[in-house]
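Data first, discussion second: the structure below is written as structure tokens.
Letters A, B, C, D and E mark the chains in the order given here, with residues in each chain numbered from 1 onward.
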Amino acid sequence: MNGMTVSDLIPELALLVGSVAVLISALFLPRRLQPMNAALALLTVVIAVVAAVALPASLKSGFQGGAMHPWQHLSFSGTYAIDSFAIAAKFIVLGVTALVIALSVDWFRSDPRQGEYYALLLMSALGAITLAGAADMMEMVLAMLLSSATGYVLVAFHRKSRRSAEAAIKYYLLGALTNGAMLYGVALFFGLSGTTVFSDMAAPLRLAGALPLVAAWSLVVVGLAFKIGAVPAHAWLPDVADGAPAPVAAFVTVAPKVGALIVLARFVSVLPEDGAGWRVVIAAVAALTMTLGNIAALWQDDIRRLLGWSAVSQTGYALMAIVALGRSSLALPALVYFLAAYALGNVGAFAVVVALRGLAKRERYAGLARSHPWLAAALTICFLSFVGIPPLAGFAGKLTLFGATIDAGYTWLAVLAVLNSVLSLAYYARFLGPIYFDEAPEQSGASMDRTAAGVAIVSAAALVGLGLGADIVFNALANSVLLR
Amino acid sequence: MSREVLLVLGAALFGIGVYGALSQQSFVMIMMGLELMVNGAIVAAVTLWSRAAAHSPKGQLLAVVFMTVMAVEAAIGFALVTNVFRIRRADITEKLKALRG
Amino acid sequence: MRIPSEGSALAMLALPLLPLLGAGTLLFLRGKRSVLPTIALAALLLTLASAVWTALSLPVSEWAWGPILGGRLAVAGLGRMMVILVPVIAAPVVLYASWSNRRDSGFARLLALLLAFVGAMELLVIADDFLALLVGWELVGACSWALIGYEWTDSARPRAALDAFLTTGAGDLGLYIAAAAAFAGTGSFRFDTLSQLHGTTAAIVAGGLLLAAAAKSAQLPFSPWLFRAMLGPTAASALLHSATMVAAGAYALARLAPIIPVSWLSPSIAALGLATALAGGIVAALQTDLKKALAASTSAQYGLMFVAVGVGVPAAAGMHLATHAAFKALLFLGAGIALHATGTLELSSLRLGRALPLTAITFAIGALALAGVPPLGGAYSKEQIVAAASQTGSFFTAGVAAAGFLSALYAGRLALLAFGPDPNRGKVRPPNGAVTASVLLLAGVTLVSSVLWFPGVAASVAELMGGRLAIGEGWAAGASLVAIAAAGIACWLLWRRGDLVDFGLSPSVRLPVAEWLGIPLVADMLVKRPVLTLARTLAIMDDRIIDAGVRGAARIAGYVSRLFGHSLEQLVDAGVNSLSTATRLVAEASRMADDRGVDATIEGAARGVGAVGTQSRRLQTGLAHQYYLIVAIGTVLLIAIASLEIVATHR
Amino acid sequence: MITLTLFLPLLGALLLVVLPLRGERPLRVTAGLVALAPLVLLMVVWSRFKGTGTFEQVESAPWIPTLGASYVTGVDGLSLALAAMTALLFFAAIIYPVDLRGRPKAYFALFLFLETASLGVFLSLDLLLFYVFWDLSLVGMYFLIGVWGHGDAARRSALKFFLYTLAGSLVMLLGVLSLYLSTAPHTFDMRHLIATRPLDGTGLAATLTFSGFALAFAIKAPLVPFHTWLPPAHVDAPAPASTILAGVLLKMGTYGFVRILLQMMPQTFSRLALPVAILALVSVVYGALVALAQQNVKRRIAYTSVNHMGYAILGIAAAAAILPGLGGGFTQTRSLALTGATVEMVAHGLITGALFLMTGSLWRRTGTYEISELGGLARRAPIFTGLAAVAAFASLGLPGLAGFVAEFQIFVGGFPVYPWLIALSLLGLIITAALFLNLLQRVFLGPLPERWQHFRDLDRVEIASLSMLIAFVVVIGVAPGWLLAVIDSFARPLVTR
Amino acid sequence: MRVALFWMLAVASIVSGWRVFRTDSMVRAAYWLMASFMAVGIIMVQLDAEFLGLVLILMMAGEMTIMAVFMVMFMMNPAGLNPMMMVHQHRASIAAGVLAFVGLAGVGTFARFPEPTVRASGQVTAQLGHELLGDSMLVFETAGVTLLATMIGALAIAGAKGRFGSADEGSQEPGETT
């Protein structure tokens, strides 16, 4: 089991190779053909997806045990997990990456450095995927670093945009601070357990005192909170959603979050159940995050900021799964499903923004239902999915999350989440109102980005499909075990 | 050179770093604070390797990883600070508040 | 005499259905005015035929709405007389209406409503269970609403109709309760199971029934609704006061009071009836509007019937119901003719004896019957009530005799004032043939009722109704006759003195009494106004307070976001100076509470778009170093929560 | 068959969007035809209905087997009656003319979508499926009110409606989860939950779950004091939407009271029946009184809904109560109360639906709902007046019309259980009579103001739509046997269990 | 001797760390920071992590030099030597720093850590090498990828010239009108 099977890393390697290939092609392609890099990047993602699909199948032959999912194992001396959740995260991240690439084609068409953009995007996806699989403190730190460092750059990618630069620096400053804190926490963990591999940490940690343990995990959680956009390190999210290039905003509000939540799950499952107090703290963080995100979103007149804040609140919901971890068998499938739904919704909503060439102000959306009915419908579906209206995917996600939370004995958190869902409807509906109920002010000049519109519609359709076909996800994840 | 003393040293560097990161207006000075924090973490890592888990080479590796983090953050940080200064003529946090609310 | 058969059951169903069908036909053919009266009268005649058949065959038939709901229809007892009486009285009235209202735009509606009125009443009569009774009961009420509001362009009339409907409707609630209690007690609505009732359930049934009957028959304190009902067309009044609406109460009591095993029921009925008879008599005597005076007399006469039921001789009540129906319809038509001729109903300005001699004679016949002057049928039935009362003792006898005195007094007064001779009276518009015929018909019926005086006739009529008459004390009959004679003399003397209109009483005394002893005012003050005020208050409260709770929640969310934004900003700015921050926060909060709390009607949600919106965004200051502070504070909080949790679990 | 019934309107909605139909008329005709289909299909279902007391004509398919959720539909007496009423009401509402703001396609598509959602609530036998349709109905209604409502207030009313009822439905979701988690293996199947009643009794969990559901349904029904979303939503909604809102959506609340609370948690309900009944009584009297004070036609009718739904829930509570002293007794009357409550749901749907459609006609012609601005319309519109009078009398409970059949059964059935509450609730009857007759009098009777001299009577479509509803009101009022038999088939086994 | 040296270095690292934020110019601050790192580097050498210590010292020397030059080149005071004291939320920052120190020092002082079973020996660098290419190879690889990504990223942002002329050209939102 501890072999260094390079074949375990085929999806990751594909991304890496693809990224380098994009860089090289960017060097040689004439400017006119630079958008070809998008195609190359997309191809890379497709290869990675195929590899991720093939991975369990290829591994199955090697492991003939009687277990339910014999192919699940820890690789690279326990530092990297190959399990259902890591693979699910790969799918989500890769899917998001593919959609974001499609969003970027038109958006970055005029940018001469788009080759670097796609290369960095693939690297960032690689970071998120590695994060999801990380089963080692150092791997976790580096994966986060990879994801963050590329993320900062992607956010700053518009060299002429004042907002882009500002968003990037705030993103960076907050990330560096929390990362610093996390490093100290990781050092403490190493001291307490003598190792950085999750699977070897659990036993020694049970012997550790409460004081260093709390200090250590709190610092690590702060670091991860930054990645997922949870209180208290949430502040970058709305600013980045607002200032970053819209396709990048779609990406960085989703992909790192997926990886970080999975690794957070792995991480807390290493902690001793008693005496560490982590469950209550995560519950408190979840409660604060969802409430803050929703309250702050309440009166937003800018859809990009609104999506940023709603991304904060969605993090709060997702954290409910972490709270229920180990107490409800529903928790992890719910988390994965919810993340998939959230990813589709967020990308879909940003796709609408991209399709409208970055249009953000609420009043400019008046009458959208008439001028762009399909875009309006897609945005509506995304929003309603966020609220949790059935049969959209967001509903089944929230349903299972609430169920897991109640099952875990945290009914108050579920009740709070319900109240928050109602609150969230208020600001989503505040946006939907003008779209449907008002007349368009005048002919809006910008043409529509058709590819992005397609992405929006595909995302919305996928939300419906995922909602109706929820069983595919839950069935695949039933009886899966989170490796650590 | 007991473990406790070394860890207090690490904590002190980290604390100074926190103070610097929070108190400085200039981006570059903030970055210095952040580096000091990492410095503290490195001290802690090496200490805990040497004084608690010397059997594991991972402790050293941890310090390497921390240094990598420091280098990467510094590089990206410089790039971003240059960038924002170029576009916004902003060198302190107070000058960047277009994105808020 | 009983010939039950399938056909007779069908005939019984035809009793309500034929008139209703006729009403539908009338509405359908509303354009062809000329055929309408024919259809209406034909429907009534067919109904009459069915009525006679069923009265002879005594059909009984079960009916069901559903697995549980259902009951029984039957023509039995008093009903045998009633089924016939209703079309008999209705036919002349419809004849009258078909001429006097022929130019109305709602002519078809009027005839249809009259027919529907008959149909509903027939249903009420053949009901042998509470459910069917209630259905008929309510339909009668609805028809009377429509009839009173017939001339709806004058908004006073629909309003009067509403008042009448609500007054009787309040009583109807009693019938609902009675039905529910009867079902609870016996598991069925049927009358034949009522005798099984006992205890509270029986008392509830009795009380509910009495309430409903009192309201319907315009007994105290519900009597005033009849005055409002006077705004309806004459034909409607005639029918409503005689054989339908008002009759329903007395009919139901006469039918049910004997079989409900509740001891206090009969005395209560009698006492209520007597009180109404006396009060109604006084009101009728003092009222100067011809129709209103007749209306008051209706209350009084039904009071007498209640007395009869109360003292245990429902047959006497039934007999009086029949005779009263005939002469009261007659009197109302007479009043209608007077109104048609002069355009007024003020007693001081009528005296149409010379101008309309035929009408005067028929009116006089009716008045004599009302006064109880032998040998008219009205007199016989009233004497039977006196006789019945005399069985229970002198108190009721005296009361009934006094009521008889009053009836005779106001009957005479009305006849003299309305159709007395007036030498100064010029020409007036004469009634036409159809109207006259209808009046004559009713006069004929009134006269025919005199056959009751023939020995044996009354007894067999009573037997037909499933009861028997009381054998009265001789002195009682004498006293009654003396009272009538005295009233006649008093009437004559007053007429001679010219004081018959107002008895020389000043309006300030007479008017309140004549307007039903001030009951309407009291009801207005005690019921209508408080209810309306309550409704308005609640409506305002509903808008302002209950909803404000909800809006308040929205507003609190706004506040929270605002305060949150503020507090963070303050916190960030002030750093460790938390004390001053807290003070400022409290001040800010109270200022906002003052600003907003006062004006509770404004939607917090909408208001927030402006002010609160900008405030809540301050949460995100945009300043990176303040984000840092959030992280620092947050981390401390995380550790604090974790420590608390650990301390708590380890204790 | 039921599945077809359920999804035909949705299919029709998609068809409307896709088909290149232009202009209001062809769209209305198509939508009307589509809406006719479920009505016909439900008649077939009705004809096949056996009344066995269990769910019949069940159709099922796996949906999320891992979570124990499936697609299950079927009918019993309750759902069949309500579904048929729903289909009828939708047909009447869809063909009813209303100002479409130049967006006929969206209007009819949304309406058909809403029909699927509404039918789904009554026909699904899986809690999750039930919830799905429940929430979808909110969405559809939100857009109907927002886009086609009157004036600027409509948007706010729509949002208020959406927020308020979504809050209710999410609270219900917690209840659903609580029920779900109490089963082993976990399932959302209503039949299983009804048969096993896993969370019944007086424990804290059961009480909390019951309260959650009750709150959700009380908001939806609505009961005082959770009703304040209703008046603005009704006033600002376009008339056909008001019709559906009052006729169908409110029923979901009462339906939930029966289907979930009474059938799945009868013991808990019997313990908590009195508070529910008192709340219902308050709704009856309060709703009537507040309606009496309203000076806006639609607001007035809207508040009578509070009153009527109060009756329905009073009946349900009476049926639910098994008082210690009564033993198992009063089964007959309790069954009567439940039947009455169900008939009330149907009757109120038809009657108030018709009344709201009429307000639409009023609005089309006058542009106002203020009672004080109207009057004397009977002169120009006798047919309108006649139909309005019948509907008003039906609503105030005149025998021979549907409302009476419902309310009478509730009174009679509830009386042995809660004599005082029932007696007090009768007050609602007289107040309702006052407010409706006053309404008729002030809108249709009296002198005709100059400005309405050219008021038009109802046109043919309006008459057809309304008389269809009124006809059923009369038929149910005169000969309700066919309906009562179906309803009784579920009500009696339920209370005798 | 070792101990005395250690104490000197420890005090030096803290003091110079403190001086970073108490100096007049950024250039000086950079050199104070470097001094702090150098002291820590030597302490690491003392703790048998010679390789790491030296790497740290070399890295910081280079980095801080770049930083100083960088500040002079790009930032607001070209001399980079003018007096400056630019702080905000000062008391809160002090509180945070003190809290962080007290908390972590408390952990370091009072927490029970396992005692080392072996003492770090002379082969530590070799051990590190084995670990890098052995059990933690993935970590090593990830670090490599991260550095690669950093280079690409930093160049993409900071480089003023692209392959096709100015890097700024066309690098903006499609909806923006600049």
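Quick note on the criterion: a residue touches a chain if its C-beta (ideal position, glycine included) is under 8 Å from a C-beta of that chain, and two chains touch if they have at least 3 such contacts.
Note that this is a predicted model, so its numbers are computed, not measured.
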item	value
Neighbouring chains common to chain D and chain E, by label	A, C
Chain hops separating chain D from chain A, counting only touching neighbours	1
Contacts common to chain A and chain B (chain labels)	C, E
Most centrally placed chain, judged by C-alpha centres	D
From chain D, the most remote chain by mean C-alpha position	E
Most distant chain from chain A by Cα centroid	C
Which of A-C and B-E has more C-beta contact pairs	B-E
Distance from the mean Cα position of chain E to that of chain A, given in whole angstrom	29
Computed distance of Cα centres, chain D from chain C, in Å	32
Centroid distance [mean C-alpha coordinates] between chain C and chain B, Å	90
Distance from the mean Cα position of chain E to that of chain C, given in whole angstrom	95
Touching two or more other chains - residue numbers and ranges from chain A	138, 142, 145, 149, 152-153, 156, 159-161, 168-170, 173, 177, 181, 184, 188, 191, 194, 215, 238-239, 300, 426
Multi-partner residues of chain B (at least 2 other chains)	10, 14, 17-18, 21-23, 25, 30, 40, 42, 44, 47-49, 52-53, 55, 58, 61, 65, 68, 72, 76, 79-81, 83, 93-94, 96, 98-101
Sequence positions of chain E contacting 2 or more other chains	88-90, 92, 96, 99, 103-104, 107, 113-114, 135-136, 139, 143, 146, 150, 153-155, 157
Pairwise chain contacts under the document criterion	A-B, A-C, A-D, A-E, B-C, B-E, C-D, C-E
Chain E contact footprint on chain B (complex, rising order)	1, 3-20, 22-26, 28-29, 32-33, 35-36, 39-40, 42-44, 46-55, 57-58, 60-61, 63-65, 67-68, 70-72, 74-76, 78-83, 85, 91-94
Touching residues on chain C, where the partner in the complex is chain A	554, 557-558, 560-561, 564-565, 605, 608-609, 612-614, 616-617, 619-620, 622, 624, 627-628, 630-631, 633-635, 637-639, 641-646, 649-650
Chain C-touching residues of chain B, taken from the complex the two chains share	18, 21-23, 25, 30, 93-94, 96-101
Chain A residues touching chain D - in the complex, by the definition given at the top	369-370, 384, 387-391, 395-396, 399-400, 402-403, 406-407, 411, 414-415, 418-419, 421-422, 425-426, 429-430, 433, 436-437, 468, 470-471, 474-475, 478
Touch list for chain E against partner chain B, complex	2-3, 6, 10, 13-14, 17-18, 20-21, 26, 29-30, 33, 36-37, 40, 43-44, 46-49, 51-52, 55-56, 59, 63, 66-67, 70-71, 74-76, 84, 86-90, 92-94, 96-105, 107-109, 113-120, 124, 127-128, 130-132, 135-136, 139, 143, 146-147, 150-151, 153-155, 157-158
